[in-house]
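Given below, in the form of structure tokens, are the structures.
Each of the next two complexes has chain A plus one more chain, namely chain B in the first and chain C in the second.
So, the complex of A and B:
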């Protein structure tokens, strides 16, 4: 949609700074943000976890958590109302009339003990209007669904209910905070379409907050890339995605896994954070990770300037200060701005530099004639599910059986890596759990090679015992060997070295580590005594793209070194393609397609596989 | 929901049957001779033998249990060896006093606990002045609290009585507070309230803290829930957010703790009734134990156990009402 500069913007942020207190420590979360959201515009706000994007959403709503004692500088205006200094009633009126919000997880964002009709009506006023809205967001049989509770709906439907709440009262701005992250890829596409339709139909603006540039790229008119509480780059979607001008944007795009990522090379990652917070706050926050950083980046914060202006003077040259520029030069919605001391040419020259992509050494050849590492025969798993009258329908029995797996057969050769892909409820995790011995099989059998299996779970945070140190967690695995203290210590040190963590990590508890580090510890624990089969259940889906890539690299490296068989469960086809020699596609408890990674991705046979492939958000090969 | 209720009711009946069996077995393995209590220590051997015969103590155990159950179903709990009156008559005399004490005490506990929870979760300014002393008091054993309360409010300040229920006449309900009110006896009502206050508060303090802490942590959790943020984002007033979204979702743990504590209060009432000379079943039980008055002991235990089971069944039902996900 064309953005008009005459109409007042739906929302504007100028010079926004925000600090929050956590555990008694105050930290700057937003450090000077200028952004305008025009009427009817969709702005994608992209950043890694910790970039401040979700806090920005809360600030826009005037719902910053009191407990964190927020200190706000600068201005936030939504529909003309000052959201920083406004009175509580004013802010409530804005939330009621001008704002709609869609949060990440529709399961937790809807009140579990309230009928969905009532929840929508709270925002819309009347039940007739709620019915209309529920129908408008694409919920079939809205009258029937009106009286159900959230847990009786699927994830996609729940997010549609959230959308109905968001558009109630015809808001001028919808804030969508990671609205698709908790959803399956096919549902993700539907929700993004829905957001665009809502914009087209209701004429509202949308702020789409996401960690995935490709998701933003699907519907956003403009993308703002956030790094450490500042905008690194902002511009029209096409330009930001295809001609990025900030090293961070370039890094994000390069570390993003897609169906075109080379399989035979190490995955590219952003440089891990090494600097201290104090170092980062002084100059450009990205300089400690930036491959193009120069001395000036360390000491002076680059201003956000139009690319035409910023690139001209070059490094060390005189750059016009933002304060000297007329306001519309700084905030024009169609402009492409960036905050970097290096020239656009330098940055774009770097895009085509592939130096840090090391080729992978050749794989372990699956040995013919050897016993398979995993042999699954006619495996069936059924769960008894107790059901509610509403779901059941008249006349059927109270207990229903859910067949999570329906007679699966799968053979995995030693040293082979197999990816198992499917959406939630496809049975892919159940299959892994049965192979790992965590869930009993109802019928059929699983045979494992000597050495057994070890598992790595999605949420490393909750799969590591919080009160044990990393050293104790790793040492536990060695206990049955009875090696003695010194040998244990040596083994633990070796394990930490192999996952690229400093030895001092042995003395800290999991809570003190970052998500990526925790997942590395989980990997070290699983591979301390190399198992015959490593079972990975979505080990990277909770991580930022760059961290995910580094964990995937680690798994691939370990597989080569330890000659392990790997079973890798994921909902993401691009990850499946990179991690598996073969891909197994599952849906509704059945395997619908098996083939080499190249075959499945390039020549999918089953319609379900094709549908999955079509839903994967892609940017297109530019970087 | 009907299915859920039936299932819950069925399991309550089974639990009460098991309880009665346990009580009966305990009675039969005890070495104390109830006939001595019945006839006095100096009874002749012939009289003892005759009494054993007439009380049915010589019958085989299963026969006696079946008799016990048959009588139980007919509302006959036997004759007390000590008072020589039907146990049911004794219970009718003593149970209302205990019910009144425990129920008011429970109301006080829930109110104090609720206040403790809400003030803690919403961080009312200065509310720790109230929470601190309550926490300290809750650490003291009830008999100490009772004695302390008597020393302070009766012996020193002379503002509260220290024994009995007061002079008012009980009427149809057996609840002095209600009966005096119905009978239009304001003096009797005031006296009854005064007599009730100290024992009820003493009995309420520990449960209040238990309920309050559980409710506070569930309130705190709920306040941080995503759906509360959603409710706020709709522009609802804080009062509506609390009333419609927070309270109902925080009730579950508080309800189960309240049910549990109600059961404990009926057990703890024995001590409090003795100290305050409260004419309830606690006192009755305390007098029955030294004389091995089995029918009385069994009846009181059965009544207390039944109240406990019913209270918890009720909690389960209330929880299912509060959270539709449970009544599957």
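So, the complex of A and C:
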């Protein structure tokens, strides 16, 4: 076993605890983390939002925000330097020489006022070296790109520039915090490949932080699953993905949507959090959501132990504590550890239990003979582009307008659900906005059945007016009906019940709700008076997998109940397959393929569709 | 200016952490309380003033600290404390009137321009630019000179040049808010133009407007005092801080308190107004 060769680990965390203060309230963000990142190793750090994974990245860099008054316990060592107590100059030296960072949004982490070349050179020293780096991260025409500004590059290229800066100082460790989340699937795959190549070429270690187990599965050697500031499970990638031993990992894998998820069943979700913070502090943090929780989970925190040890017979059997073990049995890179009181057999037995997947009741049959719900004819949309002199000089003079849609035809039958798939810039959102009447058509026509269109936006937070209460926002839809106060109230209550939120939410402002709850409210507003067609613009792309699944369930349920027509825009083929009877594939303002979901996924005809399909990160064997 | 604050999304943790001064919430409240105190002082000036401000009632040129005249008397025996209190009343309320009228006129023009866009936006904004391009103080002086010297005309004069600033800021805020998804969502939800403006856009402008206005009061106090210093205020016997400073400037070396006391009152007013504005900015800025 290549566990403990003479080379020290690139980074090590031992017994790391961290509490931060926000608005005067102190909360424990990390609660005892032991993790070692070996040289040349890629470790995937996976968790939902709020699991503490991004804070962990900041802690590794020694960049915890001062204003949150961090209190750190335990130790963080990067390249042998204590990142908790080290002097500021020491930490800076480590960041300069040993660490490289890639953030989620390269637009905000690149300096918009500096040329790309200068920014890379700042880190690399010489412009020759910068050119070499830019070429190394796969930027074609590096010399040309040298003089451009970040906004002139696409998202994928920007992320490559970030990568070039990250490796410029020959770091021993690259920290990549959700580096692919903001990117299209095809670009996502390239950036992940790039990370692996960087490791292979420069021999650095990588900490890949992500919410998606499959993304980590693509390149990580090991995966650590984080829940509520603790490691729930850590082990070699293959084992964690295919033989998970912690109920939370199992839950994540089960709620993850893939191209193999059964279409005719309700999507499986994790149980929503019901416990109070105090309950979570005691015992296993996951026990309030865990379907396998027993009494012991409520009162005693399970230690992180090797699965070979923890699978001792009987629930809560005699489990040896780490301290009693010979040292070579403690955490090592190739070990598979977990923190759970239930036996491995119990957890793995649960994997194959599909009892709680409720089948979907009868689908809405598209009613032939009726007028179509949406008919789009020869639709084109052209945006005039304002250019500055520099750009005009560089490009051809003809490129003054962008043709977002180029003569589209689409007919959607009443009651039908159609998914529109494409990458950013494909025109899919523009199509939706034209149908919703938010963007005017340049030519062509859109005809809607009586009832009009309603829309659910990608970012529910910004689609709800921040200073109005949920009740006021919902009531707005009813205003034209002139129903009177009591009837309005009753309708609002009914709408809240239908989306599974308590009635008290009516008095609350959007900021006080979670992302998933806000999207539910947006959905309730759109469907309070059933529209002829419900337009969904990537409503779940900002949500954690399990939350996304529950919102998708809700949309499917509402569609059935209200016999609604749904147009669902997404960049994710697995979501498109689940939400649509038909799938429309768009690229560069044109529809390149239309077909039933099964046909498009199983027998894609257009090369672009095939390329999209090949880029979807998958976990092979289904759980 | 804090005009962009409201549209910036809350920053996630990574990236440059902008240090926002979160300390001093208590201090901010104290500053706002100071403004409230000053307003009370202005409201009850007539009750607090020990004497008639216009009548000569004491010995001539008494220095401050005299038993019957706390701040002394001027060269014809009028009580300086009473004159200053009356002067504060006039200045303070005149400043409020100007700022409120600026908010109202600028608010209407800015909102119209921001909501309508296109030609109307251009027209209104070029009109606003015209006023911004003119030297405001000179225009105000010209207007007062043409209409005649009294307080009412001074207010009109300043009011005419004071709104363009607000129009610009409010237009910017309205435009930024109107392009946010929640406005599109409201439009889809069936809200009419009036409903969108009054429910989904304008409430978001209020914090910026209040902050801008509260920081601006001090400027108006100074300008008013300046105009009255130049003789463009109320006619002679009326107590006015700027005019009192100007008229008695000759005694600066012999009886310095006579011009200095009204001058210091102006300083106090604009200082308190600015501090209060800072307080309001911290309090409102922190919440949104």
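In the analysis below, the second predicted complex is superposed on the first by the 600 of 623 C-alpha atoms of A that agree within 3 Å, B and C clash if a C-alpha of one lies under 4 Å from a C-alpha of the other, contacts with A are read in each partner's own complex, and residues count from 1 in each chain.
Following the convention adopted for this analysis, a contact is a pair of C-beta atoms (placed from the backbone, for glycine too) under 8 Å apart; a residue touches a chain by one contact, two chains touch by 3 or more.
Not measured: the values here are computed from a predicted model.
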{"item": "Fit or clash - chain C, chain B, common chain A", "value": "clash"}
{"item": "Partner chain in contact with A:463 - chain B first, chain C second, else both or neither", "value": "second"}
{"item": "Partner chain(s) touched by A:454 [first = chain B, second = chain C, both, neither]", "value": "second"}
{"item": "A:151 touches, of chain B and chain C: first, second, both or neither?", "value": "first"}
{"item": "First (chain B), second (chain C), both or neither touched by A:482", "value": "neither"}
{"item": "Partner chain(s) touched by A:123 [first = chain B, second = chain C, both, neither]", "value": "first"}
{"item": "Touching partner for A:103 - first (chain B), second (chain C), both, neither", "value": "both"}
{"item": "Chain B versus chain C as contact partner of A:55, first or second or both or neither", "value": "second"}
{"item": "Chain A positions touched by chain B in one structure and by chain C in the second", "value": "103, 108-109"}
{"item": "Chain A to chain C touching residues, read off their complex", "value": "54-55, 57-58, 65, 67, 103-104, 108-109, 177, 436-438, 453-455, 457, 459, 462-468, 473, 476-477, 479-480, 522, 525-526"}
{"item": "Residues on chain A engaged by chain B in the complex (per definition of touch)", "value": "61, 63, 92-97, 99, 101, 103, 105, 108-114, 122-123, 149, 151, 162, 165, 168, 386-388, 398"}
{"item": "Of chain B, residues touching chain A in the complex", "value": "3, 225-227, 229-237, 244-245, 248-249, 322-325, 327-328"}
{"item": "Partner chain A, residues of chain C touching it in the complex", "value": "9, 13-15, 17, 19, 22, 180-191, 195, 199-200, 203-204"}
